[in-house]
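Next come the structures, one after another.
Across the two complexes that follow, subunit A remains constant while its partner is subunit B and subsequently subunit C.
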Partner chain A sequence: MRNTTKKLRDHDNTWYLFLLPTILGLLLFTAYPILESFRLSFFKSNGTIEEFIGLQNYTYIFNNDLFWKTVWNTFYITFFQLLIGIPIAYIIACIINELKICKNFIKSLFFIPYITPVVASATVFLFVLHPSGLLNSFIGLFGVEPINWLLYPTTAQWGTIIFSNWQALGFYIIIILANLQSIPTELDKAAQVDGATKIQIWWHITTPLMKGTFRFLIIMGWISGLQRFSDVYVLGGAQGSPARSLFTIVGFIYERGFGSFEFGVASAAAYVLFAIIAIFTIVNMTLTNLKKEQ
Partner chain B sequence: MKKFTKLIGLFSVMLLAAGCSNGGEVSAEANNASTVLRVQWIGDFQQQDSTDPITGTRRIGLHVIEEEFERLYPEVDVQFITMGWDDYVKKTQTMIISNEADVYQVPGISGLVDQNMLLSLEPYIERDNYDLSVYLDGQVEGWMVAGPDDDELKIYSLPLLGDTRFITYDKLIFDQWGVEYLSENPTIDEIKDKASQMTGINPVTGEYNYGLTYAGVDAADSIMNINESLGGIWGTGVRLSELETEFNSATMIEAANIFLDLAQYAPETALVDQGSELYGTANNNIAINFRDASKTIFSSIELGLGDRYGVSKLFINEDFSMGGMFAGSPLAISTTSENPDLAWEYIKFTSSDFVQQFLWENYNNQTLPVTTAGLTFEGIADNAEVYKMVESMEQLWTPRYIYRASQPRYILTDAVENIILGTMSIEDALNKAQKETEDWVAQQ
Partner chain C sequence: MKVKMTKREVPFNIISCIILLIIGLVMISPFIIMVIFSLERYANLQPPFPITFSIQEPSFFNFKIILENGDILTAYINSFIVAIGSVAINLFSVMLAGFAFSKGKFAGKKIMLAIILATMMIPFETRMIPMYLMFTKFGLKNNFLALILPSIVDGFGILLVKGFFDTIPDSLMEAAQIDGCNKWQIFIKIFVPFTGPIAATLIILKFMASWNSLLWPLVILTDKSKQTVPIFISSFATENGSRLAGSTMAAAFLGIIPVVLVFLLLQKHIIESIATTGLKE
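Up next, the complex of A and B:
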């Protein structure tokens, strides 16, 4: 009996050894920076010289108009990205789901932008959004005058919304398709027997069964949207031009940290962002009843 | 089997430890016959020979500089660490903290000196009685900064790469419109007059021409330069915590008005750096670039356009005999360097004709000579446009605008963007910028 226990313990220890590199990596590169950043948020720090200032960084951020502008920009872009992107992805996914041929090929086509690095695809979008670019040529087909997408604050934000939807559409489609394919066909057949049309089946049976997926996409979309940085950095530069319209919360953190060497302010802003994401996720889960259903 | 799995586990930990250890020490031990000097290069520099992807020009690699220094100092093993401009301040700071090099290229010097990361070079200059007159006027002064314990500006770095901004113009478009070329030191009225004449349908090509364009990302610097020509200055102060900016002075307000007047002859999207892509190419449709860099000129020469593009100097403040944002890249020694004396020898070496001429001949698309000898190099002495370009480096504002090293730079740029977009009045935008800067300084 003693031998068996010893054997089991040895066995466990071995696997702890295997886990050790990962755990060390997590402690060093994830846990330590998180804690260090929290500590820094109470200091005035340029990276090497520090002075404890209590909650002053947090007070500064809460009273800073520019910070609240970044909050507005971030929420605005993310809200419309999800509002437009998820329904379009749902419609496309339903069409793909009905296809008899080339289903995988079309899925791959939509998924390519998602696996392309954001910086690379955003750089290409600089040309798409150019006054004589692809997007203006496209809307020109419908008689719409060319738009200087990146010149004005509102159009620059909408240019970003278009880009982020183009980029994320593949992910939305794959997730939605996974759910569509798990819906029992018996439900459709029963409805057909009852005389329901295809549209009625789609609206009254398929769509309600997708609620869980929509909730998942909304919550994940908000979390990643609130951390938006790479795409707006490429499209609007480090300052989120024009007129700070593409300046997001993470952009604020980046500028204060690496543009001005105000690491205390940047760390405090990072924790405010963390709080915003946490609160917003709880609100999202409550509103969509996900927590309750889980 | 158990022993084997334990060994594998132990090996993983050792691998992780090795990965996290300082690689420099390992290479130093491996090469203990010589002293290792590690030098950082920022920019599009290659260790080996390469070919420019756009112009097809062959460029010799930095190995030539390495070999020459090792020839002069046979006991030294020079190791170059090359990196791009993206996030260079962050990367340099990280490299200094982790002691990755001895000599650093530090265009973002203010923030690094503020953190006591760089050695003052003054003791070395004094010790060797080093002659600073080898550098072009203003090149040393431009990089002087005050550290947290300094009462006045000091030399923490010496110039390596020269850079400047100037006005350029397309001589072909001037000829087509029958307009006289810009003078070497044009006035604002001259630029406005000629830009207005050349905005419209080109009488020869029948295509639409813009009289002027500007660098949107640097629009605030253009307004500051106009401000200087009106007798204004950016402000005073040698440390960020002591800044006193004059963003809402009468001359700044007038300068912004003048800039708006000029901008009407530019592509509407110039603010976001769109619409001027053809400038510098054979298909150009813009007469004057209000704020250009040397890359345009040298790329056009490499594209076979000869001297089609002319150069004029930026405006100056007559009282101070200087104007325009100081730019370039100096070299400094980190406080963590294990070989500061050798690093100093390397910095002196970079002012030699050998290094400056090599850089000029192979990398003139990203650097100009910083020494007076550079004015005699082939391709500079015999080319009036390029000569003006190098010479203009001597009139840049020194010490460089310290407000650009931190938040006030972004504040002013934001104000200028709002002015150009018409979302704020000039007075409101500049008053807001001044107040935000004062609040920021008070918080330092």
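Up next, the complex of A and C:
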């Protein structure tokens, strides 16, 4: 009894004043827009005239080939980005971790693309992916014929994958490095005494310990990949050219919302995006958790 | 700098250093051609293909074209106003809330924190349309407040600040309370002076996020005089891209410079902030 009265006295309503800006912000810029967007997704609306149409926006989206194309494009680019980027970053980070010289300089070299504004670096990539641009000169060194990257759907998507890996590699490396440094060195030494080679230690001891880091990078990668917009907007324009191959889910929301002012359809698409992100996050978390327990 | 290496480590270090430097050079090569294109006098007439990594006729002509029409200067000023405003309002709100969640005792603390964390997962795109309609209704379309105000709520920042204040012992707070300080005085006089490193992290990350953002500015700022740097660059690139290669690259160059300068100055701190927070965007 005495405990509860003490607790009550400790509680102090002036704390809410400290939270006032956050609470106001949450109500105005989070709670209201989420509910309003949900409401709008059941209406035909151009911002002034509204009409309740039930689930029609959702059925429209699910029957819309272009929407499914944006889902496919978004998934395709993000999947290959992560599949290629994370292993490469892991190998580079492990080498950097062993380095004794010019460590920081190399870290910065890899990191600069990540901190440059996406719009500016994607603009530079218009000339990297140009038929006589940098990428073709580079692959030309290995005898590969020049490719007109931004002219064909598949190569445009791969150009975007190359761009986003170039851009995000430094981020993966920094995160992996930070986690590599937190691995206790005793394990390595014990294995070395047992006669294991460096490569064996790396593959059998270090790599399994990095599971949590990979999971983090995969989840973060999917969340930001599903919201891809800025880079494809520069590389492929608002239409996601060529042939809508760089048109993403967010591009679809943008076009329907602010190109043709179909706020109902755009809101429904935004909710579908929300659902996809939620499902992906949950699936990623449970899948990687299960493996950990086994 | 003295480096200790065993005999076996020397060849490994030299070889991997060379390999990584070559890959690193490939990584920054797009920036090298950006510099070359933007400084090449006739790049607007004839892009300097094939790529040679040398400048035939160096000149600032391409920059002059970009700067002469004045739009980029306006865009620069606009981007700075938005970034500084966002950082200020974000810091203010996040510091207060982080303090309350770390040291406060009040009803509903856990639930509120859980709600804030849950809302972090909701993508911005889901909120974008009602926010556009709301700001338009209040007459704030083409007003920088529409870009600045939403920074007031930031679950990630609150978590960061809360974590930081958690490391400061509660006894410090209790001692000050016994001395008769109220909460506000304790916050300003005792806790805020500690926040240097965490504030720097928040300022850097928030500034970069604001400087980079495209979608929301594109939606809310339709007036040409209100455009931010990313809008300017992307519209310049789509309008002139293949024709004015030199000036397009000069525009990208000018958009990158402030961020790269900040990075070179605060390299260590930025890398550390991103490594510890794991923040992307």
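Quick note on the criterion: the second predicted complex is superposed on the first by the 274 of 294 C-alpha atoms of A that agree within 3 Å, B and C clash if a C-alpha of one lies under 4 Å from a C-alpha of the other, contacts with A are read in each partner's own complex, and residues count from 1 in each chain.
Please note the rule applied: contacts are C-beta pairs under 8 Å (C-beta built on N, C-alpha and C of every residue); 3 or more make two chains touch, one makes a residue touch a chain.
Everything numeric in this text was worked out from a predicted model, so none of it was measured.
Superposition of the two structures on subunit A shows subunit C clashing with subunit B.
Set against each other, subunit B and subunit C touch different numbers of residues in subunit A, with C touching more. When both complexes are overlaid on chain A, the residue A:T281 reaches subunit C alone and has no touch with subunit B. In the superposition on chain A, contact is made by A:L109 with subunit C only, not with subunit B. Of the two partner chains placed around the shared chain by superposition, subunit C is the only one that A:L26 touches, whereas subunit B remains out of contact. When the two complexes are overlaid on their common chain A, residue A:S182 makes contact with neither subunit B nor subunit C.
Residue contacts after overlaying the shared chain place A:F138 against subunit C, while subunit B stays out of touching range. By the touch criterion defined above, A:P242 reaches subunit B but does not reach subunit C. Subunit B runs into subunit C after superposition on chain A, and of the options 148-156, 220-228 or 256-264 the stretch responsible is 220-228.
On subunit A, the surface patch touched by subunit B in one complex and by subunit C in the other comprises residues 10, 14, 18, 20-21, 24-25, 28, 47, 130, 237, 258.
Looking at the complex, you find that subunit A touches subunit C at residues 10-16, 18-22, 24-26, 28-34, 36-37, 40, 47, 92, 95-96, 98-102, 104, 106-113, 115-121, 123-128, 130, 132-134, 137-138, 166, 168-171, 174-175, 177-178, 216, 220, 223-224, 226-227, 229-230, 233-234, 237, 250, 253-254, 257-258, 263, 266-267, 270-271, 273-274, 277-278, 281.
The part of subunit B that touches subunit A in the complex is made up of residues 2, 5-6, 8-10, 12-13, 15-16, 20, 87, 89-90, 93, 97, 111, 114-117, 148, 216-217, 268-269, 271-272, 274-275, 406-407, 410, 413-414, 417-418, 421, 423, 443. Those residues of subunit C lying in contact with subunit A across their complex are 3-5, 9, 12-14, 16-17, 19-21, 23-31, 33-34, 37, 47, 49-51, 89, 92-94, 96-97, 99-100, 104-107, 112, 115-116, 119, 121-134, 136, 149-150, 152-153, 158, 183, 187, 208, 211-212, 214-215, 218-219, 229-230, 233-234, 237-238, 241-242, 245, 248-249, 251-253, 255-256, 259-260, 263, 267-268, 270-271, 274-276, 278, 280-281. Contact residues of subunit A toward subunit B in the complex are 10, 14, 17-18, 20-21, 24-25, 28, 46-49, 60, 130-131, 148, 150-153, 237, 239, 241-244, 255-256, 258-262.
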